[in-house]
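Each chain gets a letter, A, B and C, in the order it is written, and its residues are counted from 1.
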Amino acid sequence: MIHVENLSKTFTLHNQGGTVIPVMAGANLHVDPGECVGLVGRSGSGKSTLMRMIHGNYLPAGGSIRIAGVQMAGAEPRRVIALRRDTLGYVSQFLRVLPRVPTVEVVAEPLRALGVAQLDAQARAECLLWRLNIPRRLWSLSPTTFSGGEQQRVNIARGFVHPFPVLLLDEPTASLDAQNREVVLALILEAKARGAAILGIFHDEEARARVCDRLVDVTGFTPARPSGGQAA
Amino acid sequence: MRDMTQPILSVTGLERRYGARIGCTDVGFDLYPGEVLGIVGESGSGKSTLLSCLAGHQGVDAGSVTYDGRDVLAMAETERRRLARTEWAYVHQHARDGLRMSVSAGANVGERLMATGHRHYGEIRAAAVDWLGRVEIAEDRIDDRPTAFSGGMQQRLQIARNLVTGPRLVFMDEPTGGLDVSVQARLLDLLRGLVRDMGLSVIIVTHDLAVVRLLADRLMVMKSGRVVEQGLTDQVLDDPQHAYTQLLVSSVLQV
Amino acid sequence: MSDYNFAYLDEQTKRMIRRAILKALAIPGYQVPFASREMPMPYGWGTGGVQLTAACLVPEDRLKVIDQGADDTTNAVSIRKFFQRTAGVDVTTDTTEATLIQTRHRIPETPLTQGQILVYQVPIPEPLRFLEPRETETRKMHELEEYGLMHVKLYEDIARHGQIATSYDYPVKVEGRYVMDPSPIPKFDNPKLSDSPAIQLFGAGREQRIYALPPYTQVVSLDFEDHPFDPSKADHDCDLCGASASYLDEVITDDQGGRMFVCSDTDYCTTRTGMGHRGRLAEDAA
């Protein structure tokens, strides 16, 4: 479902003398349906950069990214948006939502965007919030005031509310307690069982071992730095 | 069912000059049904000029604008103004520019209906009540004049007045400018819901990157009358390619 | 007679006004700009109507001038005298005898006939002025037939008063095209505008506009389906002549709350009493 070939990425800092920083070269990767692949590599090696290029918010310098047959590199924005709406789910580390929107609506939003009726979408959202142990009294409040762990779980609920065929998970278990971590790992295993292709970054080694079928070390995609260069 | 694969608005090589000075130049893009396009840039970058050219509020010197297969620039004024009060909507930065301050909220909402031939008072009033509800204005304010409303309420009234005829294309000029942040958030949430539920295509001009991040699918960055960068909103904001966009993004105060 | 040119205005000015009248007749309801002259009376006293009358008068005319239906008020008397002096034409108070009637804010009750000219004095010719102060914009709205705003005004009436409270100056649409201000006649008179055998001319001196309704023009008062136009009047009969279908003035007769209703059209009322019709207070008033 995910095919990455010979992908490269550079950042050009126009406001710092036009410095060009190559951060990735020759990245190759594929994830099949029902498979979970973990990205590993030391901090700063480009795991998140690779993930963001696959999600479409970083622009690749070269190479190809195909998701469910769609070429992401150089695709029109509306193709990317359509793909994100029905195919490509993403759980980032940060919750970015409109203030004042109730949690249950934040979680139901991906379904509403797909045209699912309000009540139906809300029911599915509530089901996930319940599974992820978000207290019912918080459902009608905006998640912007929640604790880090609660926000993380709201983010996860949002990512799993629709059965996306492709899922990108950026540290989904990072700030969770043991009980909620179990729930998230169960959600990932269920997604795999229904045939989702999952690409994830897990610092939690035990979690990684339980859900990942393969690991890809992105250190191998790090280009040779100009002499004296520091990791970005 | 409308054809979603054809752009609702297609712009090529648009230019507007004021004598030797450039208002905007070489602007081109396609807007598809249901898409929200954000236009950002600093004051004087030409973004508002572009918007008023697109909406037909001022003439253009070169280029083409095609709406739903029709050449907007060659269109008779009758037809363009008919479009402007049926299939298009224009939300002004200052609600006073988009409202009739001397008539009631109900009449403000009903005007577009009356202008398109509705002649049943009861139905017009019912539509006004419905729309005031959708923009979260209490029904008992229907006979009050907008002068008695707060800034946020005026802006919501302006939106109701514009959307009552179920337009397809909405132009917005800094719709949240001049509002408190809490009022802004409420308005943005409202707009997002309406865009989704009515399948609106929107062009929104703003200098507020947070607004476009939450509202726009796509972003166009303007500087000195030219488009310097365009793309997916989060891509432009997270991985800006052009020097000016990088400066713009890095200049935003983090809260 | 006098040292004035016939009917006060010079021939060039009359030609200019006649051209405007012809144009106005050709485009019923359309406001034709004209170079309004200074007249020997203040604005608001009928300078527009007087210029129209001056441009239309011929020596054979019989002129009638009314103000709110009455032939004997200051405004009517001065304008009548003005034309007696400057044109030497015959004058009359009899609606049927008159060939040209200048009126302020009424249409005579006696039906007009072919060959008669009715000249209205108009303070503000622009019906859209109430909601749109920009002249450039109202012209554009007429051009493009954007008349939604007129209904906004009526909507406000109903929202505020439960019914269309506009009782005079009630906007009309002419031949399905131009929205027109019928001058401040009571809405009771609006139906008489339509399909009239007479020529109806409207003149606004200060605003420099002339508009017209040629004979047998269709004129429709604006309304809502669920609030139809109602040409209502006071629910009384005339206390002098007993007429039940004429427009009435309310007259306070003492400080004890006494009052009477009489025809606003004095010629109509006296003609009826002359024919022997009697109202509730006819003997007392006589």
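Here is the rule we go by: a contact is a pair of C-beta atoms (placed from the backbone, for glycine too) under 8 Å apart; a residue touches a chain by one contact, two chains touch by 3 or more.
Worth saying up front: this structure is predicted, and the values here are computed from it rather than measured.
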Inset, instruction - Report the chain closest to the protein's overall CA mean, measuring from each chain's own CA mean. - result: B
Inset, instruction - Quick one: point me to the chain whose Cα centre is farthest from that of subunit C. - result: A
Inset, instruction - Can you check how far apart subunit A and subunit B are, centre to centre, with Cα atoms defining each centre and the answer in Å? - result: 32
Inset, instruction - State, to the nearest whole Å, the distance from the C-alpha centre of subunit B to the C-alpha centre of subunit C. - result: 46
Inset, instruction - Could you please state the distance in Å, as a whole number, between where the Cα atoms of subunit A are centred and where those of subunit C are centred? - result: 77
Legend entry - For the subunit A and subunit B complex, residues of the former touching the latter: 11-15, 52, 56-59, 77-78, 80-81, 96, 98-101, 112-113
Legend entry - Contact footprint of subunit A on subunit B as seen in their complex: 32, 35, 182, 185-186, 188-189, 192, 196, 213-214, 217-218, 231-235, 238-239, 241-243, 246-247, 250
Inset, instruction - Would you tell me which residues of subunit C are touching subunit B in their complex? - result: 131, 144, 146-149, 151-152, 155-156, 158-160, 223-227
Legend entry - Interfacial residue positions of subunit B with respect to subunit C in the complex: 77-78, 81, 85, 100, 102-104, 106-107, 110-116, 119-122, 124-125, 142-143
